[in-house]
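A single structure is presented below for examination.
The first chain written gets the first letter, and so on, giving A, B, C, D and E; residue counts start at 1 in each chain.
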Amino acid sequence: MVISPVHYIAVPLLAAFVIPLFAKLNREFVRIIPGIVLLYLSYVSIVLMNQVSSTGTISEVLAGWAPPFGINLVFSAFSGFLASLMTFMGLVIWIYSYRFKKIDDEPALKFYVLFLMLITGAIGIVLTGDIFNLFVFLEIVGISAYSLTSFYRNRDGAEAGFKYLLLGAFASTLILLGIILLYSSIGTLNMADIAQKSHLIPTSLKVSIFILFVVGFGIEAEMFPLNGWAPDAYSQAPGPVGAAFSGIAVKAGMYVIIRLIYTLFDIEGSFQFLIVMGLITTIIAEVSAMKQTNLKRMLAYSSIGQMGIVMVAFGIGTREAIIAGLFLMLNHAIIKGLLFLSSSYLVYNDDNKLISSLSGLGKRLPLVSFLFALGAFAIVGLPPFSGFWSRLYLLLAAADKELIYLIAIILIIAVIEIVYYFRVINKLYFKDIKVKSDDVQKPSINAVISMSILGILIIAIGIYPDLVTSYLGNAADALLDKAGYIENVLVDINN
Amino acid sequence: MSNDLVLENEILNLIKSAFNAEGNVIKSRRVEVFVKKDQVSSVLLFAKEQRGYIHLSHSTCIDWIEEGEFELIYSILSPKDKIMLYVKTRIDRDNPVMENLDGIWHQLNTYEREMREMYGIEFPGLIGDKEFCLEDWDEIPPMRRDFDTVEFARKTFYQRPGREDAKDVRKTLTEQSGEKIPDFATKYSRE
Amino acid sequence: MNTYFVVLLILFGGAIISFAINKVSYLLSGIVAFIATASATVFFYLNVDTDNFVQFSLAGFDFQWGLNSLSLLFTYIVLGLGTLATLYSIQYMRFKNNLGYFYFNFLLGIGSMMGILFSQDFISFFIFWEIMTWSSYLIVVYNGNKTHKIGIKYMIFSGIGAYAMLMSIVMIYADVKSFLIADYIDYISQVGLSGHYLQIILLIVGFGVKSALMPLHVWAPKAYANSPMGYTSLFSGALSKMGVYGLSIVLLSLLTNFNTGENVSLGGLFEGINAEFIRIIVQWLGAITAVMGTLYALKQNDAKKLLAYSSIAQLGYIITGLAIGTELAVMGALFLAVLHAIFKGALFMAMGAVERQAGTTDMTKISGLVRKMPFTFIVTLMSIIALAGIPPLGGFVGKWLLYEGMITSGHYFLVVLIFFSSTAAFLYCYRILFGIFLGQEEKETINVREAPISMLIPMLLLAILTMVFGTYPGLLFEPIANAMSYIGYNDVVWEMSTISNVWGDKVSLDYVSLTIFTVFIVAMIFLTIKNYKGTRYVTTKDISTSGEMPTENENLTFQLNFFQPFERAVAPLYKRSMDKIYNTIGESLDALFNFVRTIYTGNGQTYALYVIVFLVIMLIFKDSIFN
Amino acid sequence: MNIVKDKKSQHIVDYIKEFARKNSLFVMAYGTGCGAIEIPPTMTSRYDAERFGIRGAATPRQADVLLITGYLAVKTLKRVIRVYEQMQDPKYIIAFGSCTINGGMYFDSYNTINALDRYVPVDVYINGCMPRPEAVIEGFVALQEKIQRGDADNGKKYQENIDWYRENQMKVIKNWNMPDYNW
Amino acid sequence: MEDIIYKILGAILTIITAFVVGITYGGLTRKVIARVQNRVGPKFYQNFFDVLKLLSKRTAINHGVMQHFAPMFIFTSAVTVLMFIPILHDGLFFSNFSFHGDLIFLLYIMPFGPLGMALGAGQTGNPNSAIGVTRGLSQMVGFEIPFVLSLVALMVQFETTSVTEIVNIQVESGVWMIFSNPFAFLAALFAMFGMFRYAPFDIVGAPAELASGPASEFGGKYLAIMMSSSSIFTFAKLVLYVNLFFGGAENLVELLIKTFILYMVPVVYGLVSPRYRTEQSITYFWKWPLALGVIGMIWAII
């Protein structure tokens, strides 16, 4: 079988619908099938990434219609990198959630179906070359995400899900409106084609369309005034889902905004806009995170803050900055993934998920606490962990453009991060034990494995960042190469 | 009673009527009242708060061994009236317990500690070291009249030769003059 | 394999092994740590080679590791003190928990300090700097519970310092396109300082935090006092010296030698700043640090805290000396830096011994330990004499050089400030000796015994070193002179036991030591022979107290408000403390943050409103945003 | 006082020592009783005892002469003994007033010792109730002569006869909680 | 070889001279005080008797090894200071090691003795001693400020830190420091009041308040050595002052006259003064003396 990017979408989507059938045969299939799918996708990722690095962007046409009329998938070094990252995170989260006690048995079917759909949608967003198709995938992500948010079917979960739904609906509407306006003005939905023709749109209209898109996708990407859903959703969804949100769903939204700015539209001031929005997002989120008493909410705000910094990185717009941004996304995925996964064991039995209830848990749950601490060290950017390098890259990129105030703000935020993460670490390790040993939930072996994978990755990248920098460089080149993208999609396929 | 003693009589009569106490004006500017043991604090407080007897001049004790009683005297002074008021009370000698009054005048603490040490009168709640002037005293309290000071001194302290005549003065007096030892107890008793 | 990698490998590997081996035996963990540091030390000094540079590339940056003569000087401090401190810790930490954790961070700290000294480029410098920071943080909070606030404070200030440094580093990279320190120095020497002041100020802030420079010192007292003492000796002795190491590069390599003297303005906020101005600021900050550190030290009742403040003060001298930058002052500062590591290391170790044997170092609770712990007392005494700068022990040499450096270069008022601080230091020096070792022997400490031999050996070694360097400072001048050649002072003249200033005045330390020891010994022999027969040895309860007999339960010790009259005299200086200022800042920030977080109301409708408002604003102002 | 030792029989070093001792008397005034009031005129400008090398000492450690100025209660006797034992050899006691000799007017008191030399060795008694400063200075001069003769060595005597002194002392002081000095 | 013998002989001679002069000054001071109080007073050689007597004390109380060492510390300090000061200008015997030390060294060796003494005092466990020590140390911080200011002024003015050099310059130019920079001299003079601890700065010994302060538990030989050491110390300080401000001395007579006049200043000042409290005494030095010191320094710099 020839491996092509189509597998990314076809296989998990198929699996999602097949799982209920297999569930009739044996309940265990519900848990195993997603694993097999994700393993397969990882294999696909490895193969394709190798291919991309040797031959360049892979463009695949669906259903035989050539772009700009047909739907196509673009597996460039950039989108491929994100797709692989999502696949990897999916795999890790699957390992973790296998036999995860809180989603076991009856709801497991539901969980895995939704989870696979989430991955499908997110990868679809990243890979697709058609903007309406992207909208469809966004809806898939949205629907599965709303459901996953209110997975526990309790009051708070429902409320969080509803908030998400409300804002998601706004997003859908605005994006659809944008697509309609776009289509009516230049008559194409293929992104490469739009990129080629965007100069034909009147500037005012172009800006309006851009704004509609940015607001719409900004909701997914946790941009500042649009991210009200995030804290609730993160704190109410099951632990693995939080990791999935921060590692998969949000990245997809961010991807679209990057695509819009870098490839689709050529609007003056959009980079500065991204920087400013990123800074506002990150400042407000980090400040809010500092005042949280709920661990999950704290992580959620921290996640928003990280995405803000990613926005800043992409807003700077140089190659170094893109590398930094991608590195930040990678780090955010694995580190925040680790934090979410480990924290759900830390506050396993506490419905309020209070930080104060963590007192002395370091003695009761040594490994989980250690991994959480590792994640915290990494995310505040202490060497020799991976978070340091991404932040360094970002700062260097900013310094290159002489954005001194930016450096200062980012570093001040880093100090704030130190304050609230180290507060948690102090609670974990250096306080008297309050929790009885019966009250804590020991992590299962697969959870330990999945978290350890992330932990080892953090240390490995931290000590030897060259593991990933070459991929990041390729991805950045691919993103910056707008002409190449258009050429790849429109010309190569046509030939 | 002459007219000069108006103030004296006034305070005397006030206390007499208010506390059902006895008493008399000794002389000009000296008034004594005899009150019951449990009335002492009321009388002192009354005199201090109402009549301006704000100064505690002295407080001491007399051992009425024949009557089996200790007499406690609180001398208080009114700077305004310039009258010294002696508030006297009697307590049982076998069970010498007196109310601790150093809440009224803090300086009473010193006198009470002295009385505790010298007469063995107990003041419940009295703060301060048990040893006031004496150290390691294990005899009966030295100021009690049944304590034979001369005998004790002779027994305890080395007497340098040449002072063999050192005797109780009263005994010397009696030996020389043949008089009887004056019975001070009877002479100065109230009855 | 390269020397640098091997040393780091031994240390980091030792860290992991001692972490793992803790499960087997608590003693083994410490022994492994000691063996690791000792073998690293031996290996390093067998293979030391200052001209050997290693280059490699990681993450797209060029790295260079090597050893310059300045960092070689500081390796003596780190490895020497590190070895002794690990040896000391074996017994000191014996009855504590989590020893694997402790030694892991301990060795990580030593390793990262060595890494800092090996780093010839800013980025590995920073990486090791941060490793050092968090490993020391983990030890600061080792004692648990109450230490967490101290730890957070430490981490915040370290964060501020480190990130200031990072900011400077990335700005340097943007200018120089290289992380190599040597490249930056070359660059500055070519283009001059104009436009680069912010970088230098930020670097000074970064190093200033670690070396507890005045407004950034508030983390230090408690952090020093609450770490296990075996580590504090390293913390105060070596770790803070990393800041001094950095500052000496910044202040001397960057500011002094290439000081153009012209009044180049940075513009804007930094109008009117030039190199001389920065140096003057640092001088005065150093001097004020010295004074305030001393004044706060003599107020303390806890010996550990006292020493912590004293460390701050001492670092103040060192920084002032570096900032003045004349040959003598720098020589004095570096000499003091090494000496401070020695005597403060010894002092903290001695306090650790007291804490371990007597249970506390609170001077109001213990006293009169001199008979119980004579060796610890001797160590403390000698270190204190060195600390106070009294001849013939080593501290004097450093102070002398410092003063002469200042006087001969015209910093007269600084001299007076520093002198005030150093005279006031006698107060706390005496306090610590009296508070713990002298005075009444108390009932609580009746069963105290001398510390184990493996704790005494490192202390005694350090104490002897202060004596050796007091008479033969030339032993130390040699590496210092080499080190100074790295930061731009060529041909530093030194003699084995004579120190002299540029006016030609000198002190011959051998004559001094000879006189002092001769007279002392003659007096001792005379008095001992005279007193041989008639001496009555009495207890400390047998004192003339107007004939009154102090009983066992009576406490005659004079400990509380020890220097109250002095404190009253200098009361205006105590009124404002940096702690209070920082607290105010913290509180106002807290209020602000509380306000900001109310943006997230938790209400779906509000969020929806935000979306709409945002959309509308964007659409209205789209022309001004996207022109 | 009539017995004058042959000075030639003394060793020259001893002679110098005793001459120095004689001319330098540091006085620890133990101001009990009424006699303490006689010390200030003795020391100040009218009588000026400093002419004779007499000066006050603040603590028993530095003192040569213990000046006991009046009656001693049992309680104060205890302190006197302690002070005396804290002084360094050679040390002298000048007892002051009748009370120290035979109890004086307090001979039959329940708490006042009568003869001081039973408890500590006294070098010079100064009679009187109270003795005037002239008498005090005469006493000092007597002590100086005694020192010069070389027979003012009561510290040693006290040490040798400590059992006898202790017995007497303990007869009066019932609760003997004095610290033991290793003589 | 001859040099060494001369040196040793000179050193011993210096010590003896300093001892004799210092002790005599002590006696004279007592005499002066007595005369002012309308007394006859002791003989001027009274202090020799005191020292001799204390030395001939048979027993000594010892609370521990530091008490044993304390008198040696102070003796060592005094002698070392003496050794590193040129007693006589151009003297064969009396210059000792003065070429091998300088003012800063002297400043630091001076507290050596008092600190050693303080250790001994601490060892005794007497609270009075400890209080006296803290007072002494506090006061030292007080008077060192004007003292150092004036010394710095001196060093700046003469561009040397060596005492010998300072004397030489003064002798050569013929202008004594007291004339060329009177402010610095006044500051140093005020500091001297604190240094010699006569009233109103006698807070350390504080008769009738602290027993005798740090020396409370010292008697006999210890006290003797302390007394003689402090006499030597006093003399050394006086010589230092004379060297710094009065152009040194050519011969012993000149030295004695200068030192004695200088010495009488604090003594007489003390006669008419009551005692300060510690903080008053500290802040005293931080008012006029400090201002004078600063003026002196500015004078010197200009």
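The definition used in the following text is that a residue touches a chain if its C-beta (ideal position, glycine included) is under 8 Å from a C-beta of that chain, and two chains touch if they have at least 3 such contacts.
Computed from a predicted model, the values in this text were never measured in an experiment.
Student: For the pairs C-D and C-E, output the one whose chains share more C-beta pairs in contact.
Tutor: C-E is joined by more C-beta pairs in contact.
Student: Averaging each chain's C-alpha atoms to get its centre, pick out the one most distant from chain C.
Tutor: Of all the other chains, the one whose centre lies farthest from chain C is B.
Student: For chain B and chain E, let me know how many angstrom lie between their CA-based centres, rounded off.
Tutor: The mean C-alpha positions of chain B and chain E differ by 62 Å.
Student: Between chain A and chain E, what's the gap in Å when you average each chain's C-alpha atoms?
Tutor: From the centre of chain A to the centre of chain E is 79 Å.
Student: Based only on mean CA positions, could you tell me how far chain A sits from chain B in angstrom?
Tutor: Here chain A and chain B have centroids separated by 97 Å.
Student: For chain C and chain E, let me know how many angstrom lie between their CA-based centres, rounded off.
Tutor: Those two chain centres are 36 Å apart.
Student: Would you give the residues of chain B that are in contact with at least 2 other chains, written as numbers and ranges?
Tutor: Touching at least two other chains: none.
Student: Among all residues of chain C, which ones touch two or more of the remaining chains?
Tutor: Where chain C meets two or more other chains at a single residue, that happens at 534, 536-539, 541-542, 544.
Student: If you look at chain A, which of its residues touch at least two other chains?
Tutor: none
Student: With touch defined as at the top, which chains are paired up in contact here?
Tutor: The list of touching pairs comes to A-C, B-D, C-D, C-E, D-E.
Student: What residues on chain C touch chain A, complex-wise?
Tutor: It comes out as residues 58-60, 123, 126-128, 130-131, 133-134, 137, 141, 144-145, 147-148, 151-152, 155-156, 159-160, 163-164, 166-167, 170-171, 173-174, 198, 592-594, 596-597, 599-602, 604, 606-608, 610-615, 618-619, 622-623, 625-627.
Student: Could you pull out which chain E residues touch chain D in their complex?
Tutor: Listed in rising order, the residues of chain E that touch chain D are 30, 34, 37-43, 46, 48-50, 52-54, 56-61, 207-208, 211-212, 215-220, 223.
Student: Looking at the complex, which residues from chain D come into contact with chain E?
Tutor: Contact set of chain D toward chain E: 16-17, 19-21, 23-24, 26, 44-45, 48, 50-51, 53, 55-64, 86-90, 155.
Student: Give every residue of chain C touching chain D within the complex, in rising order.
Tutor: 534, 536-539, 541-542, 544, 546-549, 551
Student: What residues on chain E touch chain C, complex-wise?
Tutor: 55, 57-66, 68-69, 71-73, 75-76, 79-80, 83-84, 97, 99-102, 104-105, 107-109, 111-112, 115, 118-119, 122-127, 130-131, 133-135, 137-138, 140-142, 144-145, 148-149, 152, 155-156, 159-162, 165, 211, 216-217, 220-222, 225, 277-279, 282-283, 286, 297, 301
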